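Common to both upcoming complexes is chain A, partnered first by chain B, then by chain C.
Right, the complex of A and B next:
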């Protein structure tokens, strides 16, 4: 018996088991207490309300929802809104961030100054203020009747940016996206004698596919392009970028780019100078050095902090609630108010963000392990 | 093991709920208020002009705030014992469920979900809220259907959101909704021209118009889209407390019906014109003891905050900058919908 207690291995295991037991018991107790308290207050609980209709509309959604949609449908639309603005933010912020990083490490002192000023300004102003700022600018534009127009095809007003759009159905768009991916894979496996042909050929194939989809499967009297047109109080036709969406996207992108730029810059300067010199000794051009040596090496160094930043930016979309963009958080908040099912909806809110953010983290980790230097570096 | 778990749960529940829940089982929230010597009442996270707003001296003002003060006076004898807790629209139900506040007086519409599923109960309506649409004057719309296709802005999570959707669907009018979490953002969007119209509670619209850079830019369209009764909300099972609230509202209305104001209440008490006034002002006993209060509670309320008409006039009516007509919030004998209960 004494030997059991003097055994370090046993003591360590015992402590760990006890710790886990206490944590599990605490969580159980919290759930039990929570349920009893809620039941005592006579509040209806459970997820049954998800099948009830909401009775309120959502101002912007990718799926077709209205006052007669159920809470499930509306919450899903909210999640899609978050993902839409989130992934677009990640994409644009990364592009702009890369550009900023290159400016800051360039030898041109003017570029350096511009890059540094940008980063210092946008990194140090709270993101919600930036979003408010862009929203104020976009909503103080002239009204729809006095909209700025470009050749009567595109209009810019305080109702957003209206652009002409090809009359493609949802199915057409899906087919087009699938087609593009197929073209990409097809051309990749195809061996070209002159590699320079690959990109133009891909673009050509995509355009051809687009035209085919545009011309086929349409009703006789529908125009090929839908052009926005002022009818009464609003523009009909085309696609519109609502100010709420644009302001959130611009604000988050500009803010996120300053952080991502710094992460990329850190990655780029972490690359050993000797390796770059080795490249130039081999007679590579500076483009080739960047493309084949610096960026791949830098990418590995910055991936961990980059995935962190991506997760952070995705969470940052929640400021949309302040300017009326119906993101997941805003929809959950309205649902809580309308249905009163606070606990359930908060659980769904947390669950939704955990799934989204964990997926980002997971994808980045996957990328990281694929890119990890194998063997000696 | 199970026994231990239950013990643990009890300990944890005490830690979570604090001492208040133990007390609540004894005397209810009315007892808690008396023991604490203050009433925890709702304010607003920004301002809801005319109903809950902070004035230049940093004091809470408005119709709902005055009702809180009247209730505090009825129970505790002084309007200063109403403690106004700033709270957003969305927070009010979780806040009362968790006991952070005693009562919701925050122009809260009486809806079936709130009444049946949230563990709440309502007082009889203390305010009749008509919903209107206010549009930009330059659109020269005369009815809501003239605004078809326009952008309608509303406060997120309020009944207006649903009421407007219902009205538009019933009348086959197409519109683009846009909802904002805070009144300030909604107003900013309206003034900037992002919205063609806003829908809302009449008082809210008129206060929004008063504060516009140029009030003439906005017109309230005559169509009433819905009438909403606003009640005072307490937790389910607080029947004694609800009795006090209902009779407090009746006292304010009775005072107006009988022409008792904060100025002449002493005179009336010394020389009551009718048996009802005699009972109301506590000249003959009964008005207090039956509610577990002092017999002079109604007298105190009228003395300090005035009658219903005085409160209305001071906060949202002609005596305020909002100049909201009494309309349906008049007494029954003046063409309104309000009436006192019978004080026998």
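Right, the complex of A and C next:
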């Protein structure tokens, strides 16, 4: 018996078996207690409720949902809302972040000062405070009749932002997708080096093809751009961004840009100066040095942190619930209140975010493994 | 005799400084002029609004909203609400004192001379215990104030410090478990860490506030604040665990082997050799994580706690001060900024100091 306990192999196995047993027992206990607690409150279990109608409206959605939609439809609309605001945030925050990074590494001290001040201010204030702030600003704007306008094309009122938009029909969107696929294949199949055709020319050709497709394929009597106009008490035409959506987008973008800007700056300054000098010694122009040396190396260095930040920003969209933007979390939380199906909805909530986060992580890893220096792990 | 060639000294003087920093190329000059003008315009507008045209006292509050300036009277009027929330008026000195104790504890734990695996936890237990006792009262003639009445900045500080104090040891446990040589424990810890990390903080806190009561027997429920703080600490710990794990990985293999050769037991190796180095190597990331956590305490507003963010919203929600939302939000931003900026400056200083010591 003593030899059994002094045997390291036995102890290792025993500890692991105990660990698994404790975890399994805890989970079992929670399930049993949970079942009785839920049964006491008279709530049904299972995923049957997903086919029932919700009975409450959703204030903003891309798909057509209303009080008569089922929980499945409403939850899907919420997921789309999260993805919409999330991806728009990632796009704009990356643009602004790039701009900030360039400002901070510029040789001009004034630009450095502006960039640094921006980053310090926006990074050190909680994102929810920024979202609240923009929401308060947007809802305190004057009504539609006194709306601020930008060259009579865009209007800012307490109903939201009215922006001109291309008026696209379903057919146009199909054409757009075909165009994107065509551009993708076109770029892939071109052998730039052999034909001597340069990349910008190829892109130009693809865009021209796309525009031709769009112009010939669209309905004749619809204007290309739809501009918002004040008709009576409300605006007609264009695209209207509700205050909730705009505030969340503005707040998250301004906040995220300060982090993304620092990541991009870190990537840019991590590039060894000797490599840039080697480039110029080879007679490369400064454009070529940036294009072939600095940007690829910097991109590799920043990609892992950038992917973390993207995942973080996507999760950060959940603060939208504070100002009434119906994102996935807000829809799930309302559903829990209304249907009482706590466990099932929470599982769906976790599942949704895990899928979204792993997809971003997967895409960024794919990019990373395509880009990383060969032979490095 | 060879004459050494001395490179010409860079030109000194204000004109050259100006040229180097603002007008080195024509593009830079254009940017400097445009941005300079914009910056001066913004600074003038801002100082007019915030200082010159501002209204400072409640006596003058009928002028609020009519002039061009800020109305800081709202902070004078609602300051106590923002700072203390619903904490009983006569007992607010206790809240102030408790906050000072915790800030002192945080300040003391920044002193490298106290960084030992025994002193630091003891310091935290004492400082944090004093905070809870003072806030809660119920002894020595101090009236009991339950956690439902805690609010404002003191609740923010409570949540932050409790998350830090509970989360740190948890993070060490998670990190060691993930590095464990027992495959089941390592895999289990890894799965748990990855799972929690992929969730939004808000979802985790929401689950703690709403779902946990359904899953545990009544006697284990505790109060809502306690549950939320524990969930927050677990969330902090899974992120911090990855930081500590990176620190443990950065210690050289030879040290572990040396300890094994000396016959040092595993726990002594971890506590005396690996963890101190891991913490020192990852100090910048740890400070960064603390900063993020401090800002994230604002999220508990959404699940119904009355910390400084929620108190600020309440201050402008009452009707009398609804137009003064900019002033209140700017004030809240300043409050967060002071804490966070202080923490990150301290981190930068420490990083610098350690670089000098170790290079």
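Keep this in mind: the second predicted complex is superposed on the first by the 265 of 377 C-alpha atoms of A that agree within 3 Å, B and C clash if a C-alpha of one lies under 4 Å from a C-alpha of the other, contacts with A are read in each partner's own complex, and residues count from 1 in each chain.
Everything that follows uses one rule, which is that a contact is a pair of C-beta atoms (placed from the backbone, for glycine too) under 8 Å apart; a residue touches a chain by one contact, two chains touch by 3 or more.
All values reported here derive from a predicted model rather than from experimental measurement.
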### Message
A:56 in the overlay: touching chain B, chain C, both, or neither? Say first, second, both or neither.
### Response
first
### Task
Go through the superposed model and pick first if A:125 touches only chain B, second if only chain C, both, or neither.
second
### Message
Between chain B and chain C, whom does A:342 touch in the aligned arrangement: first, second, both, or neither?
### Response
both
### Message
Between chain B and chain C, whom does A:19 touch in the aligned arrangement: first, second, both, or neither?
### Response
second
### Query
Where does A:322 make contact in the superposed view: on chain B (first), on chain C (second), on both, or on neither?
both
### Query
Counting only touches as set out at the top, which of chain B and chain C does A:244 meet: first, second, both, neither?
first
### Message
Looking at A:333, would you say it contacts chain B, chain C, both, or neither? Reply first, second, both or neither.
### Response
both
### Message
According to the stated criteria, A:350 is in contact with first (chain B), second (chain C), both, or neither; which is it?
### Response
second
### Task
Using the superposition on chain A described above, determine whether A:276 touches chain B (first), chain C (second), both, or neither.
neither
### Task
Starting from the residues of chain A touching chain B, keep only those that also touch chain C in the other complex, and list them.
30, 33, 37, 136, 140, 321-322, 333, 336, 342
#### Entry: In the complex with chain C, residue positions of chain A that touch it
12, 15-16, 19-20, 23, 30, 33-34, 37-38, 106-111, 114, 120-121, 124-129, 132-133, 136-137, 140, 311, 315-316, 318-319, 321-322, 329, 333, 336, 342-343, 346, 349-350, 353-354, 357-358
### Query
For chain C, which residues count as touching chain A in their complex?
21-22, 24, 28, 31-32, 35-36, 39, 181-185, 188, 195, 198-203, 206-207, 210-211, 213-217, 291, 295-296, 298-299, 301-302, 309, 313, 316, 323, 325-326, 329, 332-333, 336-337, 340-341, 344
## Note on the structure
The chain B residues in contact with chain A across the complex are 5, 8-9, 12-13, 16-17, 89-90, 93-94, 97, 113-114, 116-119, 139, 147-151, 153, 156-158, 161-162, 165-166, 169, 176-182, 185, 188-189, 192-194, 196, 235-237
### Query
Tell me, which parts of chain A touch chain B in their complex?
25-26, 28-30, 32-33, 36-37, 41-44, 55-59, 66-67, 136, 139-140, 143, 158-159, 231-234, 243-244, 321-324, 326, 330, 333-334, 336-340, 342
